[in-house]
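In the two assemblies presented below, chain A is common to both, partnered first by chain B and then by chain C.
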Partner chain A sequence: MAVQPSRSDRRELVRERAFTAAGLTAAVALVTTIVLFLVQLFITSRASRAAFGIPFLWRSEWNPVTEQFGALPMIIGTLITGFGALLISTPFALGIAIFLADYAGKKAAEPVKYLIGLLGGLPSVIFGLWGLFVLVPIVSRFEVWFGKLVGSEALVASGTTGVGLLAAILLLAIMILPFSASLILESLLVVPMELKEGALALGATKWDTIQNVELPYVRRSMVGALVLSLGRALGETMAVTMVIGNGMRLPHSLFDPANTLASAIANQFLEATSPVYIASLIQLALILFVIAIVINIAARVILRRGVQQ
Partner chain B sequence: MTARKLKNSLMGFLVAASAGLLIAVLAVIVWHIFISGVRYLNWDFFTKAPAPFGESGGGVFNAIVGTFLITLVAAAIGTPFGMFAGIYVAEHRGQRFADIVRLCADALQGIPSIVIGIFGYTFLVARFRSYSALSASVALAFMFVPTTARVTEEVLNLVPSGLKEAAYALGARRSSVVWNVSIKTAAAGITSGLLTSMARIAGETAPLLFTAFGSRYIEWNMLRPMSALPLQIYIYASSPYPALQQQAWSAAFVLVLLILLLQFGAKHLIARVLRVKA
Partner chain C sequence: MEEPSIVLETQKINAWFGKDQVLFDVSAHIPKNRVTAIMGPSGCGKTTFVRTLNGLHLMTPGARSSGTVLLEGTDTSTMDIVDVRKHIGMVFQRPNPFPTMTVYENVLAGYRLTGQRLAREKADQIVETTLNKVGLWTEVQTKLFKAGTSLSGGQQQRLCIARTIAMEPAVVLFDEPTSALDPKSTAIIEELLSDLKSEYSILFVTHGLQQAARISDYVAFFMLGELVEFGETKRVFVGPQDKRTEDYLSGKYG
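Moving on to the complex of A and B:
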């Protein structure tokens, strides 16, 4: 005698199917998003490629009036600010992570970790506001002092605004500090206790142990952490937009106003009226998108290998 | 004292100093926001729209309303996608496609906010020929989904497999195991993750620039341009008028307070829920 499925059984089966479909749909949607972004940005930036082609990447002129556009000043600005910030913040991030992993007891580590989370959770625009009204005047005074020091009349005269690459680098360094510190800390915490204890038992000092056992052990995941931080710095928008000065030309010194890919878009998109101008800004977004995706996936792959090792 | 020991002490001092520096920087920033922010706060600031040009006073009620509406709608759109994607990855752990989904979620978290803004513009605003709060919510949902997916997955991975196996042994189907066992066990963690994700998108400016656009009026209609606190801070900070710059600081103070509240809620309210359950 065949058993008829009861009504509640059938309802459960429908629910099961709906559940599976929902999970799969969401998962596919997430993966498709990346493709959707690529296609959408590629299509809407067509006018820029039609006008300038691939040389858009290394043309150094960005002139809305004559409608000549090239991404080089923004690419250079993005690289200088990103690597500059990473260079400044990495030693401190490393110091904080080592302090939390090896020096601070639990009682001291917890509040510091909480503060790191707090600093990392502040919105970009808040950093921008603080940078614009507090950091930029300080940078401006430094520029005048520095100009007098090296005897540069031009610097004393032109550098008094304080907005420019240097302010952006300093602000970015502060902003990525909590991010890279917590990533490095995460990797330090997986170092096996036995390794450290072994070194200490051999008479190594605490720092000997850190330098010769701990840091070599996490080398690979540390690279991953720094690459992720770099990605964060390259794409940071609002804070940089507010202090970098929207300079359209190739910067010649750290005190010059400049633009990153992100800040050029934020500064100019609403003013852009001609189709080529708009398409060129979207093209910048496309470049930034590709850089961000490549960096993030590379960092994750490095980090995963670091863990497996 | 040998050179080795000297180096040991010196490095110990340096790492402690770098932690001290971080705290000092944070203290300076918070101090400025507090001091400059509180000074201009008054009742009007919370209850009124911006004053017409040239008049003093006015507030940012329009931006407060906007931040709440845009953030909540973004969360409403993003939560089902994020949660189900997280469930999918957690339930298919170790499978190739689940790994790809997780990698995509990680990569999406790294997309610069301005790119999300441009995408929102070309995808929605340009297509429907109007700036709107809804397009801003959709743009923010693209940031909300990957974070939520990752948090959901991580929390679900913490559910003891014994609990799930017990349910399976009783003949329960996967959907009811996930709903009635995993999600219920992990509910507090998932809620906490949702609040954290909301705290993150509530502070975003760049995705709103070309979507919500901003408005001087108190607007409740999601299909019209709308202001939000981060947007208002950016616009006021870039203006040459000291009165508006002051309001930027006050708005910053309110925004930071709101975000801290969400983060605090995520951390402590959930801890309490857990304690009551236990």
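Moving on to the complex of A and C:
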């Protein structure tokens, strides 16, 4: 004789099936949205590909009047600001994370961690305003000083603005700092206590232990964290738009006004009137989309390997 | 058997985690070149006791201790903690070779960690003799440059013993080193102890009575943070002087 499921068992079963169905629907909807999104970008940028084809990627002219468009200045601008910011912020991020993980007591570490989280959640337009009113004037003064130092009148003259690549790099470095610091901190906190104690028991100091045991242990997850931070920097739009100066030519120095893929779109979308202009901006978005996905996948792969190790 | 000299003396050691006191006035004389088993039921403070000896106890947030530890007559509180730990090595409950180092590097980890550079020949020689002492040389000779964590659990633990004795400590603390190992690996390590004690003085934390009886020359029996009884293993097992020891030996506590 088969055992009859009790009423509560049956109700449980129904609930479970309903939940599974709802979850599946949501998951499918999410994936579909992303795919549709890509398709949409692809379709609406068609006019640009018809006009310029693949060379769009390395053409450096961007002229709305003659309707000649190329993405190279923006691709370069994106990579320079992204990697530049990463280069500047990483030592600080590492220092903060090591300090919080191994030196600050719990009482000091908790509020700082909270502040870092808060800073990371600040809307980027606020960073942009701060950049415009505080950072840009400093960069401007530095630019004039530097121009006089190397005897470049052009730099002294352009230094009156201060907007450009350098301002964007510095601002981005500050913006990704909380993000990369907290990611590195997370990875340092999972270093097994028994490994640290093993090192200490051999007569190692705290710093010996950090250098030879902890950092090698988290090497992979640290690289993953940095790649994720890079992804953030590459995609950051609002703050960069406000300080980078909307320059459409290939930058020749760090003081030149420039554009990233994201800031070019934000700066110019409203004034884009002709179909090829609009399509070219959407093409920039498509390129950014692909870069962002590649970076994120790379970070996940590195992080997963880090965990397996 | 002639009376051994004393390598380590503790005077009124007390230890706390926050407000909980876990050790009460523990005074003991640890004989040189002997195996002293530290035994007692779970939570009796035996692990905390050995961790106060090399200062690891204080690494736990909120932990405190008081009392004096004399290492061959020298008060360890007057020594640099790094030196204390070089003289009092420790092997842990679970094998913890450094996963980012090879077998070879693991043996020399203490030198590398403390910034001591060794000439290649000297390094090779230390690795070979030390691995021989723990009976690992023939087993891992061909795996010297593979990750330390690629060895079996028992081999990993012997690797950890090797990296500890490579520093030539006077005392080696073993904190239940076989509790994560299979019986065969356990037997190998137990046999190893009788070889090692000719060069080192050994404190061996265990909660196994059989193990304490098998391996030790002396036992220290702990209960509820107190050192209840200390003496030669045979004497304590045959004729315990304290009622609590007797009860424990006859299986009245877990």
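Simple rule for what comes next: the second predicted complex is superposed on the first by the 289 of 309 C-alpha atoms of A that agree within 3 Å, B and C clash if a C-alpha of one lies under 4 Å from a C-alpha of the other, contacts with A are read in each partner's own complex, and residues count from 1 in each chain.
In this text, contacts are C-beta pairs under 8 Å (C-beta built on N, C-alpha and C of every residue); 3 or more make two chains touch, one makes a residue touch a chain.
All of these numbers come straight from a predicted model, not from anything done at the bench.
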Chain B and chain C placed together on chain A: clash or fit? fit
Query: What is the contact status of A:15 with respect to chain B (first) and chain C (second): first, second, both, or neither?
result: first
Is A:298 touching anything from chain B or chain C once the two structures are fitted on A? First, second, both or neither. neither
Touch check for A:47: first (chain B), second (chain C), both, or neither? neither
According to the stated criteria, A:205 is in contact with first (chain B), second (chain C), both, or neither; which is it? both
Report task. Examine A:216 and indicate which partner it touches, taking first as chain B and second as chain C; both and neither are also allowed. Result -> second
Request  = Identify the partner contact of A:248: answer first if only chain B is touched, second if only chain C is, both if each is, neither if none is.
outcome  = neither
Check whether A:144 is in contact with chain B, with chain C, with both or with neither, and answer first, second, both or neither. neither
Larger residue footprint on chain A, choosing between chain B and chain C, goes to B
* Asked: If you stack the two complexes on chain A, which partner ends up touching A:76: first (chain B), second (chain C), both, or neither?
  -> neither
Overlaying both structures gives a minimum C-alpha distance between chain B and chain C, in Å, of 7
After superposition on chain A, the chain A residues reached by both chain B and chain C are 205, 208
Listed in rising order, chain A residues that touch chain C in their complex are 105-106, 192, 194-195, 197-205, 208-209, 212-213, 216-217, 219, 309
In the complex, the residues of chain A that touch chain B are 12, 15-16, 18-20, 22-27, 29-31, 33-34, 37, 40-41, 44, 91-96, 98-100, 102-104, 112, 115-119, 121-130, 132-134, 174, 177-178, 181, 205-208, 210, 228, 231-232, 234-238, 242, 262, 265-266, 269-270, 281-282, 285, 288-289, 292-293, 295-297, 300
So, in the complex, the side of chain B touching chain A is made of residues 4-5, 7-8, 11-12, 14-19, 21-23, 25-26, 28-29, 32-33, 36, 80-85, 87-89, 91, 97-98, 100-101, 103-115, 117-119, 121-123, 126, 142, 145-146, 149, 173-176, 178-179, 199-200, 202-206, 209-210, 230, 233-234, 237-238, 245, 248-249, 252, 255-256, 259-260, 263
Chain C contacts chain A in the complex at 54, 56, 59, 61, 82-83, 85-86, 89-90, 92, 94, 96, 98-101, 109-110, 112-115, 160, 163-164, 167
